[in-house]
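What follows is a group of structures, each given as structure tokens.
Two complexes follow with chain A in common, the first pairing it with chain B and the second with chain C.
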Partner chain A sequence: MSGVIRNRKAYLVFLLPGLLFYLFAVFYPIIDSVRISFMKWGGIGPMKFIGLANYTKLFTDHVFYKSFFNNLVYLVIVVGMQLLIGLLFAVLLTYMKKHVSLVKTLYYVPCIITTVAVGQMFRSMYATEPMGLFNIILDSVGLESLARSWLADINTVLAAVSIPEGWRFTGMYMVIYYAALISLDPQVSEAAEIDGANAWQTLWKIKLPMIRPVIILSLTMCITGALRGFDVPFLLTNGGPGNESELLSTYMYKQAFSSNQFGYGSAIAVFIIVESILAVFILRMITRNREAI
Partner chain B sequence: MMTNDGYAARKMVKKVIFAIVILFFLLIQIYPVLWVFMASIKPTVELSSTPFSLPANPTFENYISVIREGNIWRYMWNSIKVTGGSLILIMIFSSTLGFALSKFRCRLNSKLYSFLTFGIMIPVQITLIPLFIFYSRMGILNTTFSLILPQVGFAIPLSTMMFVNFFTFVPDELIEAATIDGCTPYSIFTKIMLPLAKNTFVTIASMYSILIWNDFIFANTFISRNSAKTVAMGLKDYVGAFGNVDWGLTFAAIAISILPPMIVYFALNKQVTAGMTIGATKG
Partner chain C sequence: MKKVVIAMLVFFISMPFLMAGGSSESADDVVTVTWYASRPLGGEIDTAIREIAEDYSQEMGGKWKLEVETTADRPSYLQKLKTLIAGGNMPDIIDIDADPYCQELVDAGMLVNVKQFLEDEGLYDDYHEVALRYQEFVDGTMYTLPLEYHIEMIWYNKTIFEQYGLEAPETMDEWLEICRVLDENGITPISVDGVDRWPVLRYMAMIPFRYSGNQYIIDLRDGKASMGDDLGRKAIEFVQEIGQYFNDGFAATDYATAQSMFLDGKSAMYYIGDWEQNPMLEKYLAGEIDYFLLPMVDGAVTGPNEYCANSGIGMAFNVETFDEKTKGFIMYLIEHYGDVYASKMQMSPMKGELPADVEFTPLYHRIAEDMGNYGSAFMKPWDTYLDPATNTILQDNLLLLASGDMDAETFIQLVDQSIAENT
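Then we have the complex of A and B:
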């Protein structure tokens, strides 16, 4: 990547303002997080260097394990919803002839609404007092015994805080997959149909494999997005009841800003960043190996 | 053998089922949003007795209370300052970076580019603690700047990538010709590159205006004073007499606060979706 202009001074004039801003706003905090993660600091007075103590504490902290496990469940639900429903709806849309762009436009709306509003909407839908939408639906189909306060019940709370996040971005993944499916050369699937493949086979054997690169790229984004999930669980339950819906980033947030354990909070933050980078790396390895075969 | 009528009927049934499935998915996706608007024009009594039916006696009392109470305008003004300030800086930094990385000859360019786009993978949570400590030492918590800094920093990777993608398509011959005609790099940038990149500016502006307007995590961390709150945080404020959420007011406030992003989205939805989907697939 290289252009034609040779003018060192002008180059620096264009490069440096943005680069320095980026270094200060993004890179300095990363390095500083690592530094603070070796400290003990309660918010006032000088920081005290304690070496790896925050990290050893991390690996003996059962709430940390709980949050990590919860985060995996959250990831499975969120990624599952966004990928499967997004893909299913994109496929359906390719069979639609009229009003495609209207449906696409409306389907995308949840992505542009602030998480606070999403949180408030779902809070009222999950409620029992007054009856929320979920309980009313259960009631109307004769399953009122299943009605409950979804955010207070320890068996349902984790799923209840995951679903809004999955719901929110389904439309975005639908748009991505739809664009990929539409851009496929129609001749390939026409040829398959002439050879006797039905619509189902064309979809599974031809169309989906052809958009595999797009699926993998969106999967990367989806997974790293879910690993850093924060807003909806924080707003709906703040990790509760107990730590039943605690995720890594809500735990990090509470440690730092509620318990004033900035060092320990930073250790969790460093863990989140390492975990995200590792996830991307592993995903790339898996997909590269499969491509080699 | 199937008659023509039977074939047509089967086709019709298929069409209807298909339409129902599409409508069902669409309903799941937009019903909660419609419902907010519906609930916001319901009197409080109806909201608790028949929360999910159409409003029987539509009223604007919730809107009037929210507007009369007045905080919403201050929250909106704060959000406008943060969003506007961030957009200006994002535009300046990413267009100049994009120009430097795509049109100047320098061996470091591709390394710098990977370094910048690496930022797309970084979770924003990592900055909360260091920036909070930095801001409180400098005494600049609760300022517009405290929100602009991370917003711009985290927008730079993707928007720089978009500018690089676009500028690479501008032929080098055009720049060589302009240089021979006596253009400096600065005038090439302002007279040739910027006018050409109009669409990239619109894409980035429409996408980030929505994302920044909607931000919760930075505002919740760096803002505690009421006078500095942004709209997203303000939505948690509408609490009734017994300390419970006053849903009528909350829904009216939500409806008002999601209106600006909705307007941007419906006016420029091609650009908004294009920007966001690039973000999700080029990481």
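Then we have the complex of A and C:
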């Protein structure tokens, strides 16, 4: 049996199901999206080849631009919350001596709550009728003038749909960072302390650089996740009011499935894929350059 | 030996994939008809059809059954339906409005001509005329079967009205004046479900309907009228004006919240159809709430007894499986539906006496009387006329228009541009 495991062909056999699944569930839809993006198709009947028309339309569509910039704001909020707060909690957790597992579990709970429930919960918290949690808190601290329907106000809706997504996965990144931090060799930190480094310096100069690969990996996951962000914003506002909380993915979905413009929707989908690949590429370039320095 | 082990591994690992490609037909010869439905699960239509299907199944000796898959939320339903059809998996029975997407299905030869079917079978006259006409396309053809019949009205809180010396309005100006008085006294005049979009779209359609019937929206759709025309501007001004009397944050207010606001006395008025008569009944009987019908304007071409009447989303049939699997059931359904549905205190699209063994409420009788007095024109929702892309743009931006976050010119430009591009 051990001979089979050593056999290189056996590796291929074990890889086959995953590879087939990837080809059918990921690669084929991407290729098909690229194909459909050159077509005009309403979902019924034959497709009509229209060349690059869907792509040229992208660059004259003001809603597309708005969605793109909204997506950048969404990305900043989500990545900021997930990485910075996640990292902060992970660092604080390393100083805890008791009930670490309990705290980890509690912070991780939002990740396993279904998206619809998260959406409904935040919808209630943002509401004015009946008064939601955010407005109750503002009211109780004498800031009732700031109370509003956070999802209906065009000045707050984008942040309001970004925060639930950030909140939801903060715990997951906290667990990842915590695992990385506690796996560090304690002797390194102790040596730094003996050399006179304070806690802040130890964290900043020793621990964080040592978990850098984990930070880069989680940053990649987080950025690509935020660029594809869809479910919570779609559930909360459907991109509205107007297009004030429209993201590229919600716009893509609406174009394809509400407006029946599958070709144009696919062109936006292709843009999202290219944008995600580009973001990862830029991130890798930056981190490589830093490594070179 | 190694090769045997590898071959076995390949076989077992590939099993799920091989099986996934197999046939899903069961071994027995039961005919299964699928209905992809957009009706509230456990609602009156859903239960009426399930009951009738169960009876039909028994009559067929258990060799026929109806499989119902429900997505009550309309936008999700339409998106899933479009995906199913785009993927070549159209169910035997679907729910659909007589909208441009439905027209595309008709043009592709995918739907049964229901008008033809009803006439051929001598069933056309069994239905209320308005219920059937609502299902028609502009050219008079009909591919969807109505399962309900409704009128829409503006419910109001009598207690609040009496407190401020107000009476149910007869004109749009009186209606706006009532809103102004209530607003000045710190009462939320109207609660609106903005999440679902369509209730706000009804307000957009009100003024054009009074001045032109459905002609303005037909002309707008066909590119013969602009949103910036006199009638379009009147509609916009009305939405802007009445929009300031909607509840705060109406864009994020859902159906249930808007309704409970009204029933809890937190808003004075609420626009909804008779399908919500059951929740309204208790307060109606207690004399706390009442309703009025769409107010009038000077120079209106439609009468006070003409407003938004509809027969809801219709039922359409896959032409490929109709004769073989569905037709017998639909004949049976039409024969029994009127009685079964009316006995659930619902307004049936079919003519006929009310079941004698059911005691109908005073509210039911009043609504039935209004239906009996109905004229001939009916305000048809705009989303059943406009193409999907324009609908999306119109509904998205209408919320901004009503909340005062978008000016009329931008709105006009967006709608006109979309119609020019997509028709």
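Definition applied: the second predicted complex is superposed on the first by the 271 of 293 C-alpha atoms of A that agree within 3 Å, B and C clash if a C-alpha of one lies under 4 Å from a C-alpha of the other, contacts with A are read in each partner's own complex, and residues count from 1 in each chain.
Here is the rule we go by: contacts are C-beta pairs under 8 Å (C-beta built on N, C-alpha and C of every residue); 3 or more make two chains touch, one makes a residue touch a chain.
Just so it is clear, the structure is predicted and the values come from calculations on it, not from any experiment.
*Asks:* Let me test your reading of the model: by the given contact rule, A:V175 touches which partner, first (chain B), second (chain C), both or neither?
*Replies:* In the superposed model, A:V175 contacts chain B only, not chain C.
*Asks:* Which partner does A:M131 contact after superposing on A: first (chain B), second (chain C), both, neither?
*Replies:* The answer is first: A:M131 touches chain B but not chain C.
*Asks:* Is A:S67 in contact with chain B, with chain C, with both, or with neither (first, second, both, neither)?
*Replies:* The answer is neither, since A:S67 touches no partner chain.
*Asks:* Tell me the contact category for A:V116 with respect to chain B and chain C: first, second, both or neither.
*Replies:* First partner only, chain B.
*Asks:* According to the stated criteria, A:S189 is in contact with first (chain B), second (chain C), both, or neither; which is it?
*Replies:* Neither partner.
*Asks:* Tell me which partner touches more residues of chain A in the superposed arrangement, chain B or chain C.
*Replies:* Chain A has more residues touched by B than by the other partner.
*Asks:* Name the contact category of A:I154: first (chain B only), second (chain C only), both, or neither.
*Replies:* The answer is second: A:I154 touches chain C but not chain B.
*Asks:* Using the superposition on chain A described above, determine whether A:S162 touches chain B (first), chain C (second), both, or neither.
*Replies:* neither
*Asks:* A:T202 contacts which: chain B (first), chain C (second), both, neither?
*Replies:* neither
*Asks:* Touching A:N7, do we find chain B (first), chain C (second), both, or neither?
*Replies:* both
*Asks:* After overlaying the two complexes on chain A, where does the chain B footprint on chain A coincide with the chain C footprint?
*Replies:* Comparing the two interfaces on chain A, one with chain B and one with chain C, the shared residues are 1, 3-4, 7, 10, 13-14, 17, 123, 130, 253, 257, 262.
*Asks:* Contact residues on chain A for chain C in the complex?
*Replies:* These residues of chain A touch chain C: 1, 3-4, 7, 9-10, 13-14, 16-17, 20, 42-45, 123, 126-130, 148-154, 236-244, 253-255, 257-262.
*Asks:* Which residues of chain C touch chain A in the complex?
*Replies:* 2, 5-6, 9-10, 13-14, 17, 75, 78-79, 82-83, 85-86, 101, 104-105, 108, 110, 194-195, 247-254, 257, 261, 266, 388-389, 391-392, 396-397, 399-400, 403, 405-406
*Asks:* Under the stated contact criterion, what part of chain A meets chain B in this complex?
*Replies:* 1-7, 10-11, 13-15, 17-19, 21-22, 24-26, 28-30, 32-33, 36, 85, 89, 92-93, 95-96, 103-118, 120-125, 130-133, 136, 167, 170-173, 175-176, 179, 214, 217-218, 220-222, 224, 227-228, 230-231, 235, 249, 252-253, 256-257, 262, 265-266, 269-270, 272-273, 276-277, 280
*Asks:* Would you tell me which residues of chain B are touching chain A in their complex?
*Replies:* Going by the criterion above, the answer is residues 18, 21-22, 25-26, 28-30, 32-33, 35-36, 39, 47-49, 51-52, 89, 92-94, 96-97, 99-107, 109-110, 112-113, 116, 119, 121-134, 149-150, 152-154, 156-157, 160, 164, 168, 172, 175-176, 179, 184-186, 188-189, 210, 213-217, 221, 231-233, 235-236, 245, 247, 250-251, 254, 257-258, 261-262, 265-266, 269, 272-273, 276-277, 279-283.
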